[in-house]
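Presented below is the structure to which this report refers.
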Amino acid sequence: MFGKRLIEYVIAFMALIILNFVMPRLMPGDPIDAIYGNELVALTPELREQLRAQYLLDQSIWSQFLHYLYSIASGDLGYSYAGKAPVIDIVAGALPWTILLVGTALFGAITIALFLGIESGWRRGERLDRYLFAIFSIINGIPGFFIGMILIIIFALNLKVLPAGGAITHYAGYTGSEYAIDVARHLILPATALCVSELSWIYLLMRGGIISVINEPFIKTGMLKGLDDRTIRYRYAARNALLPVFTRIGIQISQIVAGILIIEAVFTYPGIGYLLHDALLTRDLPLIQGILLIVTISVLAINFTMDILYPRIDPRIRHV
Amino acid sequence: MLEINDLTLQYTADFVESGIIRVLDGISFYLKKGESIGIIGESGSGKTSLGMAVMGLSGGEVSGEIRFGGVNLLDLTDEEMRVVRWNRISMVMQNTGNVLNPAYTVEEQITEPITKHGLDSKIGAQERASLLLREVGLDSDKLNAYPVELSGGERQQVLIAMALANDPELIIMDEPTASLDVLTRRRILGLLDRIKEERSLLVISHDASTVASLENLIVLYSGRVMEAGKTDLLLKDPRHPYTRDLLRAHPFMDTTKDLQGIRGKMPTLYDLPTGCRFSTRCTQKIAICEERPPELTGCRVRGEDGSQDGDGGTYRRIACHRGGIHTLLQVNSLNKEYQNRSRNRSRTVAALNDISFELQVGEIVALVGATGCGKSTLAKVVTRIFKPDSGEIFYDGEEIHAIDAKRFHKDVQMIFQDPLDAVNTRFHVLKIVREPLEIQGKIEKQEMIRKVKHTLDEINLPSDDIFLKKYPHQLSGGELQRVTIARALITDPKLLIADEPTAYLDPSVQAKILKLLMRMQNTRGMTMLFITHDIALARKVSDRIFVMREGDLVEQGVSSDVIYSPKHVYTKELVYGAEGAAGYIYKSIRS
Amino acid sequence: MYKIQRKTIAAMLLLIMAVSATAAAGADMIRIADPSGDYGYPTPHGHYSRGSGYIQMSLIFDTLVWKDADGFVPALADEWSYDENENAYTFNLNMDAKWTDGTDFTAEDVRFTIEYFKEYPYLWADLASVETCEVVDDNTVKILLKELYAPFITEIAGSMPILPEHVWKEVDDPANFVDERALIGTGPYMLEDYSREHSSYLYHANHKYYRGEPKFEKVVFIKAKDGQVVLQNGDADMAPVKPEAIETLEQNGFTAVYGSCFWNHKLMINHHKEPFNRTEFRQALAYGINRTELVEKAGRGYGSQASLGFLPPESDWYTDDQPAYAHNPEKARELLESLGYQLIDGVYEKDGEKLQLELVIIAKETKLAEILKMQLTELGIPTTVKALELTTLDSQVKNWNFDIALSRHGLLKADPKTLINLLQGNTSWSARYFENEELNDKLEEQLHEMDKNKRMEIVHEIQKLCAKDLPAIALYYPDYYYAANDKTKWYFTKEGIANGLRLPLNKLSLVRDSGELASPRTEGDAPEESRTSESASATETPMLPAPVVLLFIFVVYLLRR
Amino acid sequence: MYKPLILRSRGATIGLTLIVLIFLIAAFAPFICWFDPWDYSSTPLQRPSSVHPLGTNAIGQDILSELMYGARTSLTFGLSVSAISLLLSVLIGVYAGISGGIIESILMRITDVAIAIPSIVVIILVAAYLQPNLFQLILILSLLSWQYGARTFYAQTLSLKQRGYISAARNFGAGNGYLTVKHLIPDLYPIMLAGFIIRARYAIFMEAGLAIIGIFDPTTKSLGLLMHHAMEFAYMGTWLWWLLPPGILLALTILGFSLVGYYFEETIDLRHRSMSSGRF
């Protein structure tokens, strides 16, 4: 079964690679223009020749493709002429910040959302549930950037307690704990915005999950066993509602990616998302391709890991 | 040990007019230490809610008392109740797919209540879990299995093992044998027998055979106790119409009669009848039944030999305004003699010789005997066609000759052997069928035709004008017999006497007519005296069988008893002699 | 359990308070913010080709001459002269200049730089016109030109960074030379840190700078999406802002730095295609388009109408003796009708064929395009707008596969050489117009006319021809606003920095004496400014603890319950 | 008085009311607005006034009119994407389910692969190269969002196939076409309806998301684009009447669709749901 899933992921990956490969070649004019065409980059004839040779544009489409595969395999994602650096280096510089932001926000979002979702679903119809459900239903419709901007307007622009963007205070000479606090200060707003916008749908998912298991007989069994409420809520209801919720989170990883993209752009947070946003604005196509490739690999890897882990977590899947 | 007094459970619901759904209503019973008790009833009767109420998990408003070990469980706080659960009372939920937490292994689920209640360490609990599994007959390698890996029977065993985990004094089991195959079911029942030796057991089931081995039985209907008592007595001789109907619907191995459902539907919980809950389906209801619900009181019990005998009511209680299944027809010491005038010698022949019996509301009694044994005479005496020489016949408590003729014949109708003989061949169908109504009078013509059509529809005859205008010779034997049945049914009789109604019909038509009669009996809740010479036929249709021989009623009893353990020599002859014939009939019905 | 939750929340809030309370401040430091931020490694071959990249590099590497708000000022060369006979420029170099590794700066370095850039071309200094460079003595170099070349001082002497020979002579891959030694220059600042992922630069002062101690100990460039936010937040001292933000910022003690006419929105016309190949038609378009309205709407009033000879009125080279094409629909109609078009139901038709244009744009210019579309449609030329991806647009324009297109470019106030790029260059924003022989000749001629007045005349002629032929229609010049606090005085450089960069980030603002030289302050200014800054901080101080107090009250409330 | 079932649920009633209101705004935008949203004749960047209740944008267009027309585009986009992708889902899912054999395995493998592909990546990639117009964007998004639905309909078809009346119809000699048209599709209507609502919500949200990062046909007016333009001036105090209203309208639209969607999800017991009800 994993074999089959793996093959699917490989096919999906190949499909994206092919798309990456074909798009510039489908564009009108010279693919070099499509790949590097940018009014701000002066392409000298020599450079153009050099690039043509580099991309084997004078050779058959197949050898071009094989070469393309080879360069990807060897970690060469192309060269950003706007950024004057290999794409892989640029991406590598931004990746840790994204991981920090996404890690904090998603950890927060998932923990809080699951907690609230469980408590709210368990108390379905009670006041707490009604309020939470109403609040998060509304937040669910608000785009993340919107939340971000409002946070900026309140906390950065008016109250001036937190920075409006960036990841660190540049050259403030902080070291050690000062540096950590500085990073944390910069992290608070974007992480909160991302957290809140992801929180809402995970909460709704979790609440729905709890509601769908709350009438299952094993919940009654748990109560009959004289277990305390919390054990039943977490070991019985949540544990069983969680698994489908996690699959859904896996499915909706695209949404998370989009959320990151937007939040990083709003907060000029120097991660992959902002990089992509900038690359889109400057049409730095090698960089766009490279980032998307990295994103694809990450998403596929996460999904595949979840696929592998899932049966280990859920005995129901294992024996179907 | 467990004493339940006037337990009432109701839920508020805003979608109901009354705002209240009453699930349990005034339940009282007690269970002594070490005793076992079964609760049966159709689904929706409140059985499971009763179990949940005892466990304190029914939700809703609970009133009354649930005394366990002297303490009213309803007075306990949640925390205190939590300690009672599983430690002192455990419950085996109905074995559905998700009754076990799918995310944990069997071992984790068995040990969980032990460790959570702080009874033992984790290791100790694990040892106990493996012990328990062996006790319920499972390999201990199932400990590491997840619920999805278990078969239905194994799951039931695990559930029971789990219920035993904290060594409770009382175990409540909800449908422990539902949806199990025969062998597994036997294994589980065996397990129940072992368990009830050590602790108290309350088994909830819709299946009477599951609770057959328990000491006491309670019959629950729409949240009220209908009947309660010793299990063996109750199963053999149900006194409440509901109990009887429930058992009739249940396929016991030794049942001879075809299965019959209980007519009508159970009332919905938010729209309960004000009177007796069973009144909407009862075949013997009277005015008071619809006015107020009956109390659960002691009742008389019929002895092994069919004689009446009273029991103080401790072990046998019943909730029925009419004191249980009502006797519709009571015949006491009936005698009738014929003067047989042949060859100038007049001989007195005893056609009926000191006949006594009872017919109860809603039952089918087959009167079996050879030709000339006095069956038809008895029928005619009972229907007031002949007068008996001596003896009394009470219909619904009244001496039949004192009853107004029209009223009597409205209630007591008869179907005759030879349909062609029994109808006026100049009459067409409409006339034939409406004749009793015309005789009864007081009815509009249109209403009469409507009733005729309705009755014909009921017995699957065409009701169009062409058919109504047909004459008896235009009809087949089966059709004609149906017409006579329609004629008999049109006055809504309470007692139907069918005198060899299928004697002139070929087997396949006979089968259809019999099915029809049984269906009509069931839906209309009639009492039927079915007269036949064929004991095999009697076995299939009747609740009880009377055997007659030369004017004597030699044996009467529950059909299965009569068939499987005939007591009278003549009965034995009939039964053994009929085996071949029965086989023949069986085959012809199938073909 | 609820107690625990309350405590957790309270603890988190306390943490936020603690974290919020620490605020950053720098004393002898100036922070400059910009939305794009990253400009590459600040060496000639390492920086991004965009103008901002050049600015970064210019802090480290000095050129021979430089410009301030009023024109050329000495840099590495104290003085310079042109010898007509030899067609050569002679530069007397500043002898105090030293490389930051301590080595003396000599004439050899200049010669080496020219040779090096000939081998490894540098986008910002086209050395095609230079024949050779002779070292006269340690302080003097003479640069001989191949032909007469008017833009020499601007384009080469004023733009070419001088490299240290002793470092670069071994370097054969300058783009990837990111050694510390690559950062040895003669400029006022030295790079301390460059972070690509944060798009930030940190420079510290070169205390041995030959033109005096730099004004700031540290200079920081950071990336910020919105200039107003970082300024108001105190995270930057200088940033580009929206014109509308100026008022608010000025109330907060910031000064506006304003520049216009450096940048141009332009309508490209496919003059290879019917009917656009007809001058009258193009003129009709020019009359039909209400450029005042474009300034008012698309530029929200912050900008000025473009002149159709391309050079803006603020340029020294501008002439007003050219057709202005003031908005005149009647005239446009006249011209169209002269071409045989008839207005039927509000749409011009010729030979039964309705006029219908497609305006191709990139997404960013939607608003401008919307207005143009409405104007043309109203005139009787129904126009549709199609947004394309930039490369596709460029490709279509280059292949003459379009009707009209929106384009944009800068370098307007630079040396008139820019006209050649605009009219005959090979870029997608060039009109590539070769039809007019006279224009072709004049363009060539001005490049080699060393006499500024004569050259001026030729350039005026060119503008007239342009405005008549209209190979493309310049629409309007948006204004550029920056805001800064009073740490230093910023200005837009005359004719733009180096080749005409439209940024107010002249490094002279960061060097004390030259900055003061360039814009001497009046006596009354200083106290006023200090007062504003005081009042600004006075209003800000109570703002800081307010939320902290609120949070604290909330925490107390939570714990008490 | 008869009350439709859906109106007995408070959430669904609120949701339905919201959707109807927004539909009315969108449908009657040309009659409600007293400004042409393309008309730039007013002074740019005005504050709200009685003439311009939400002020004007950077080129002097009336923001309220833009908002109403924007709702139009957003709804059109959402509903079109929803309809097309639903059609694809049903076609592929039902066809795979009813055909069986090689067609089934091929189609479902394709579906699984499509599920594995992160759609946002494809959209950005394609948009970066093509700058698609409204119609193309609808197509692209539809082509990228059918897969989850296809799984659901496939599973539903499989379970429906087991039903007696399908076997009975087969016994009477019904072919796949007949079964699909007469039995399967009508049986799937409720799920299709729920799917349609869920998808529409997703597409409307997606429109906003894409427009905000600059991937949307800029020649149209949509809620997302309105916000995209508003963001540029957000920090100048204009956000209150420029950024907030489209944000709120979007949130309300999504909320409306969500509430109705929840109602359907709860009503139709989607036990074998693999359908993504999410936004992306």
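As written, the chains take the letters A, B, C and D, and residue 1 is the first residue of each chain.
The criterion applied here is as follows: a contact is a pair of C-beta atoms (placed from the backbone, for glycine too) under 8 Å apart; a residue touches a chain by one contact, two chains touch by 3 or more.
On a predicted model such as this, the values are computed, not experimentally measured, just so you know.
Colleague: Using the mean of all protein Cα atoms as the middle point, what chain has its own Cα mean nearest that point?
Modeller: D
Colleague: Comparing the two chain pairs, does A-B have more C-beta contacts than A-D, or is it the other way round?
Modeller: Result of the comparison of A-D and A-B: A-D.
Colleague: Would you kindly tell me how far, in whole Å, the mean C-alpha position of subunit D lies from that of subunit B?
Modeller: 58
Colleague: Per the centroid of Cα atoms for each chain, what is the distance between subunit A and subunit D, given in Å?
Modeller: Using C-alpha averages as centres, the distance is 22 Å.
Colleague: How many angstrom between the C-alpha centroids of subunit B and subunit A?
Modeller: So the centre of subunit A lies 66 Å away from the centre of subunit B.
Colleague: What is the distance, in whole Å, between the centres of subunit A and subunit C, each centre taken as the mean of its C-alpha atoms?
Modeller: 35
Colleague: Counting only residues that touch at least 2 other chains, which ones in subunit D make the list?
Modeller: Residues 128-129, 214, 235 of subunit D touch two or more partner chains.
Colleague: For subunit A, which residues are shared contacts with two or more other chains?
Modeller: As it turns out, subunit A has residues touching two or more other chains at 27, 34, 152, 157, 265, 283, 285.
Colleague: Out of subunit B, which residues touch more than one other chain, so two or more?
Modeller: Answer for subunit B, listing residues that touch two or more other chains: there are none.
Colleague: Looking at the whole structure, which two-chain pairs count as touching?
Modeller: A-B, A-C, A-D, C-D
Colleague: List the residues on subunit B that touch subunit A in their complex, please.
Modeller: 52, 55, 57, 81-87, 90-91, 93-94, 96, 98-105, 112-113, 116-117, 146-149, 162
Colleague: Which subunit A residues qualify as touching subunit D in the complex?
Modeller: My answer: residues 8-9, 11-12, 15-16, 19-20, 23-24, 26-27, 34, 137-143, 145-146, 149, 152-153, 157, 201, 208, 248, 251-255, 257-258, 261-262, 265, 276-277, 280-281, 283, 285, 288-289, 292, 295-296, 299-300, 303.
Colleague: Using the touch definition from the top, list the residues of subunit C that touch subunit D in their complex.
Modeller: 226, 228-229, 242, 244-245, 248, 296-298, 300-301, 362-364, 366-367, 369-371, 374, 385-389, 392
Colleague: Which residues of subunit D touch subunit A in the complex?
Modeller: 109, 112-122, 124-126, 128-129, 148, 205, 208-209, 212-215, 227, 231, 234-235, 239, 243, 247, 250-255, 258-259, 262, 265, 276, 278-280
Colleague: In the complex, go through subunit A and note every residue touching subunit B.
Modeller: The contact residues of subunit A facing subunit B are 216-218, 220-228, 231, 235-236, 239-240, 243, 314-316, 318-320.
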